[in-house]
Amino acid sequence: EIEKPNLTLGVGGKPLLYYLPLTLAERLGYFKDEGLTVEINDFGGGSKSLQALIGGSVDAVTGAYEHTIRMQDKKQDIRAVIDLGRYPGIVVGVSKRKADTIKSVADLKGAKIGVTAPGSSTYILVQYLMIKNGMSPDDASFIGVGSGASAVAAMQKGEIDAISHLDPVISKLQDMGELTVLVDTRTTAGTEAVFGGMNPAAVLYFKESFIKANPNTVQALTNAFYKTLKWLEKATPEEVAATVPQEYWLGDKDLYIKAFNATREAYSTDGNINEASMKSALNLIATTDPKIDPAKIDLSKTFDGSFLAKAKAATN
Amino acid sequence: MKLHPARLLFLQVLVAVAALAIWHIGATVPIGGDYLLPEFFFSKPWDVLARVVELFVSGTIWKHLWITLTETVLAFLIGSIGGVVIGFWFARKPVVAAVFDPYVKMVNALPRVVLAPIFMLWLGLGIWSKVALGVTLVFFIVFFNVYQGVKEVSPVVLANARMMGMNERQLFRNVYWPSAMSWMFSSLHTAVGFALVGAVVGEYLGSSAGLGYLIHQAEGVFDVTGVFAGMFILAAFVLVIDWVVTRVEKRLLVWRPQAASEQN
Amino acid sequence: MKLHPARLLFLQVLVAVAALAIWHIGATVPIGGDYLLPEFFFSKPWDVLARVVELFVSGTIWKHLWITLTETVLAFLIGSIGGVVIGFWFARKPVVAAVFDPYVKMVNALPRVVLAPIFMLWLGLGIWSKVALGVTLVFFIVFFNVYQGVKEVSPVVLANARMMGMNERQLFRNVYWPSAMSWMFSSLHTAVGFALVGAVVGEYLGSSAGLGYLIHQAEGVFDVTGVFAGMFILAAFVLVIDWVVTRVEKRLLVWRPQAASEQN
Amino acid sequence: MTATARAMTAEAPAGAPLAVALDDISISFAIKGRPVFKAVAPTSLHVNEGEFVAIVGPTGCGKSTLLNATAGLLAPAGGTVSIFGEPLVGLNARAGYLFQQDALMPWKTALDNVAIALEIGGLRRLEAQTQAREWLKRVGLARFTERYPHELSGGQRKRVALAQMLIRQPKILLMDEPFGPLDAQTRQIMGTLLLRLWAQDRKAVLFVTHDLEEAIALSDRVVIMSAGPEARIIGDYPIDLARPRDAAEIRLDPRFHALHRTIWNQLKAEVAKTYGDELAAEEVSS
Amino acid sequence: MTATARAMTAEAPAGAPLAVALDDISISFAIKGRPVFKAVAPTSLHVNEGEFVAIVGPTGCGKSTLLNATAGLLAPAGGTVSIFGEPLVGLNARAGYLFQQDALMPWKTALDNVAIALEIGGLRRLEAQTQAREWLKRVGLARFTERYPHELSGGQRKRVALAQMLIRQPKILLMDEPFGPLDAQTRQIMGTLLLRLWAQDRKAVLFVTHDLEEAIALSDRVVIMSAGPEARIIGDYPIDLARPRDAAEIRLDPRFHALHRTIWNQLKAEVAKTYGDELAAEEVSS
């Protein structure tokens, strides 16, 4: 039976499309169906929700897969059990004012690039791209612009030349006609172009000790998310929009649907993370952070597919 | 130079109306093709008001308001009591004060945002981690003022009280405390606002309810109307707490002559 | 009851050593299987120190330090001057004070974190949006104290000055200002810390340099050592600014008798 | 009542306006949660230009209150205050006021406290200080110029305040127990100093004191107030002693003694009234 | 010098310890950026149990300073202070001190200001208030019990302070110009009150005043201080007038006049010394 029916789950920015499956699972009642009562705590950012998990104030987190790798380096055993987003969902674009001069990643030399925060995944992705294009990350200057309206303001005011950001900021900027996209990892094509394959983004992860102590609870939560992914795979944008709270619509349903359509491919359809995409993720981190030695990371300890397998078996 | 209460209210409403009018015009009338207060960042007064009403009518706000209120009041109480106690202690023990002085100042300079994860680690995700954040703001404001307030005690009044044979506790009750009171209340007026800021920032950084949570949710999806509605409620809210503080102040400071600077 | 400076320094160092020892033990010696101060959240004192040294030796810190210093000093100056001016104005114009009172309190209760995007919109991503954030903190602390300080002016001294024929400007210079000075300096000691907090939080929310940027960057990759090193530098830093304030205070308040509460 | 009070100033020259004219003024204090306290009942007092009027009366009768009203610091509940023929609005700019309490600025040295009185009139700092030094010397504080008020004795502070008021040479002097904390000898020296200044350009002086001998020795008229509440002026004695007077010598004059006895008798009766119920009973029982 | 000063107290009964013994004490004030100011030079003063000693001296000579040292509020630079034979450490718990300045707690009513003096001794609030009311009546303030200090006149505040000190019935009374802001009549009533209390249980009194008549009328001994700096006790006059004395009647006694003249002459010379350079010159030139 379920060891811990009352769960607390952490997330860093629940209304973001990045975490759409979480909101859907909640709104569709899938947690209840599994006999779980989930209290969702929203944090100032992904790193804060991870800290809450390690500090023991939340039981589960929907956050970046990358965290599981970094935590292994910090001797914290954190494991993902299901993938929610298979592509990072990050877009690198340039301001329309600079669209003529910056046509590819290689042109970013000397540019002022806005990222959500220094050290965050948007920051790392640009650095990765630059290194891959034979530049040093020091060749551009990075400016933390935050995750909300301030990012839009920075672009509008011409404070930054380029931006590496997520939805809904990207969709909003596109909608305003401020942005020319350089790299789009929301789509299969875009992601393959950068990584040559998948690169897992949002996952559901736990502490290893929690998984051991509460296997049934973890199973139930995995089931709920798996069901959500399946629902999402078939859902129309209209259905999605109708399911999430109206406030999430970015003030305008059309914009929301546009944003959803742009991101749609990034959501995982089967929840699995394969060897190749794990390596791809590790490669991304190791390239940009010299402190992490890829040889010391045991990728098999970052993802535990057993729950997903059972969830699949149960549904099919 | 006292204003009639009705006239005062009228002037206050006038200011509010003027502010709303500027806001409205800034948000809806383009000046040189640009809006002074673009709707995307500032919403519109009417929308915000409508949202506030909606929040109250639908009843969703009550739960959040209650949580934030609890946090604010707790932060305010714990922070000010702590500030008063430590402030007095330091003021009466110059050696302690001299030794800890640099550390107090150092701690006061730490950005609370960074401390949030530590509070969550120690105090969990419930209200207490938010209270702690509020306390770190309130405490210092009250502390510095009480510390100074005690040092400003009139030397003659103090000498007289000591000659009467008052012990430390009696001196506290009869001399230091009443004398430092106007300093303390001055700091409390600032602290009320900061207690709320602490609670809301705490919620903003990680929570599942409260006004800060509401604002954070709204911010993530560019729901400026929601953000402003939240701030509005918050601001109205602080007036209530401040009113309580002012009442207590008036009660406790009956003995004061009218401020000389206000007479004419 | 004055301590010898050398003895004072010794005691202060003792406190620091004790704190570091507790930190070290908490981080490295498990108690009942658990660490009191888990390394993941608190790092270790030695590592932090090493990092601080490294930051200075490699020279990367200077640029950030300089930017944060500029922001802090600007926020402090603008905020306190504003607080003093408006504080005096309100204290001298009871009608203005009564009308704006609720609005001042409301604004004081707005969480600054939420205001950040607006400041960025208006002031851009450079230092000024951070300065603005610091100003919103400093201003209120100074404002409330100066306001109260002016009201506490001795009625007899004021009456005497007015009988001499002082005009408003002369009263300000010769009576209100010196009399409110100890209130003002008390608030400045709190404000120094808050100016820094404002600047750092501003950087934390969006910037390309500064201590807040460094801390945020370290936080993003879970580099607690980096976070603590940043906070350490920050705290050391505020002592320097506070020292300057204290010097100015000592200069300006030579006329005061030793605090009565410290005599024994 | 007002008729008699007014009659008392009948000796005033008809032409010149009165320096101070308090007509039928009454002064009340509102005290939280209790009935209004009527300190001064409608009463009148007229002071001619160049006249030196001493006010005596039992403690707490309303002397300071009367000076405050003349200074414009306190608005009377009824009646009018006129200065040189004009109704007083706001502060009385032509008066200098020596307060009963300490009123020096604690943040200024003795010298600066005195010099500021000239500086605000626009005088250059250096010049003001030179004059202030001179004045401090006159009140016997040449060696204490650089002291802050809290470093001075009670009597020294009072003398600084005296210098601070006199240096401006106001046309009306309001003095509330100016020589209270001074020893008898210094009192006489200060009294002589005051008289000399007063003789130079005809100032009007309102001088509150508890020392009846001092009042008679210095003044042209001694006014007696009744015990409060609702205090009134109940006696007005012209002092017809020749001027210039020597503060020490005059006390030996038989006319001085006669005046002293008359005034003292009225005053004594008045004080006895204050303590009628309370103190007199005590005194008898002892 | 010290030898003579000590000789002056030779009349003390050999057995009983002295209530107050100041031996060779000197008091200095450190003033920023200037040489130390030696207010009181080594000097001695002995007060027997039950003795009433009045201190007179020119303004600013060091009278308040001397009382502060006796109260333990000021540590002398040299010499010793003994109270009832024991060296004084910290505050003088057996003394009551009436300060020259206003020292009432502004946040307490007159009644509470007096009652607190008993309450801190452990007396129940109600009982303390009853007694306080009684005392306020004795000083003539029965109708002013509920007033805050700022609502009282200068003389009223002084009387509240007097009640506040006397209600505790301390063994040593230190009084710094207690009757300064009171009118002559009230002064006498208060003086009589004080003498009656003093007679009840033999208190030692150190009484600073500028009124030499008052000093002689009340005390057993009048002590004269020289003008500062480095003030010393330069005269010590036993007052051999019969007790009980009536404050008013005694002034008519010829012995009173003789004493007054003697003391006055020394005092006058001393004050003249203070102003030797400054004021005397002024006075002559006038």
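Letters A, B, C, D and E name the chains as they come in the text, with residue numbers starting at 1 for each one.
Definition applied: a residue touches a chain if its C-beta (ideal position, glycine included) is under 8 Å from a C-beta of that chain, and two chains touch if they have at least 3 such contacts.
The UniProt protein names, listed by chain, are B, C = ABC transporter permease; D, E = ABC transporter ATP-binding protein.
What you are looking at is a predicted structure, and each value in this text was computed from that prediction instead of being measured.
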Far-end chain from chain D, centres as C-alpha averages: A
Which of C-D and A-B has more C-beta pairs touching across its chains: A-B
Centre-of-Cα separation between chain D and chain B (ABC transporter permease), whole angstrom: 49
Distance between chain centroids, defined by C-alpha means - chain A, chain E (Å): 84
Chain centre separation in whole Å, for chain C (ABC transporter permease) relative to chain A (CA means): 37
In chain E, residues with contacts to at least two other chains: 101-102
Chain C (ABC transporter permease): positions in contact with at least two other chains: 38, 41, 117, 121, 159, 204, 219, 257
Multi-partner residues of chain A (each touching 2 or more other chains): 51, 55, 148-149, 153
Chain B (ABC transporter permease) contact footprint on chain E (complex, rising order): 71, 73, 91-93, 95-97, 99, 101-109, 116-117, 120-121, 148, 150, 161, 164, 168
Parts of chain A lying in touch with chain C (ABC transporter permease), wherever the complex brings them together: 47, 50-51, 54-55, 70-71, 74, 76, 112, 117-120, 123, 141-146, 148-150, 153-154, 156-157, 159-160, 289
Chain A contact footprint on chain B (ABC transporter permease) (complex, rising order): 40-41, 113, 116-117, 120-121, 124-125, 204-208, 213, 216-226
Contact footprint of chain E on chain B (ABC transporter permease) as seen in their complex: 156-157, 159-167, 170, 174-175, 178-179, 181, 253, 255-257
Residue ranges of chain D in contact with chain E within the complex: 29, 31, 34, 56-60, 64-65, 100-102, 137-138, 140, 142, 144, 146-147, 151-156, 159, 177, 180-187, 189, 192-193, 196, 210-212, 267-268, 271-272, 274-275, 277-279, 282-283, 286
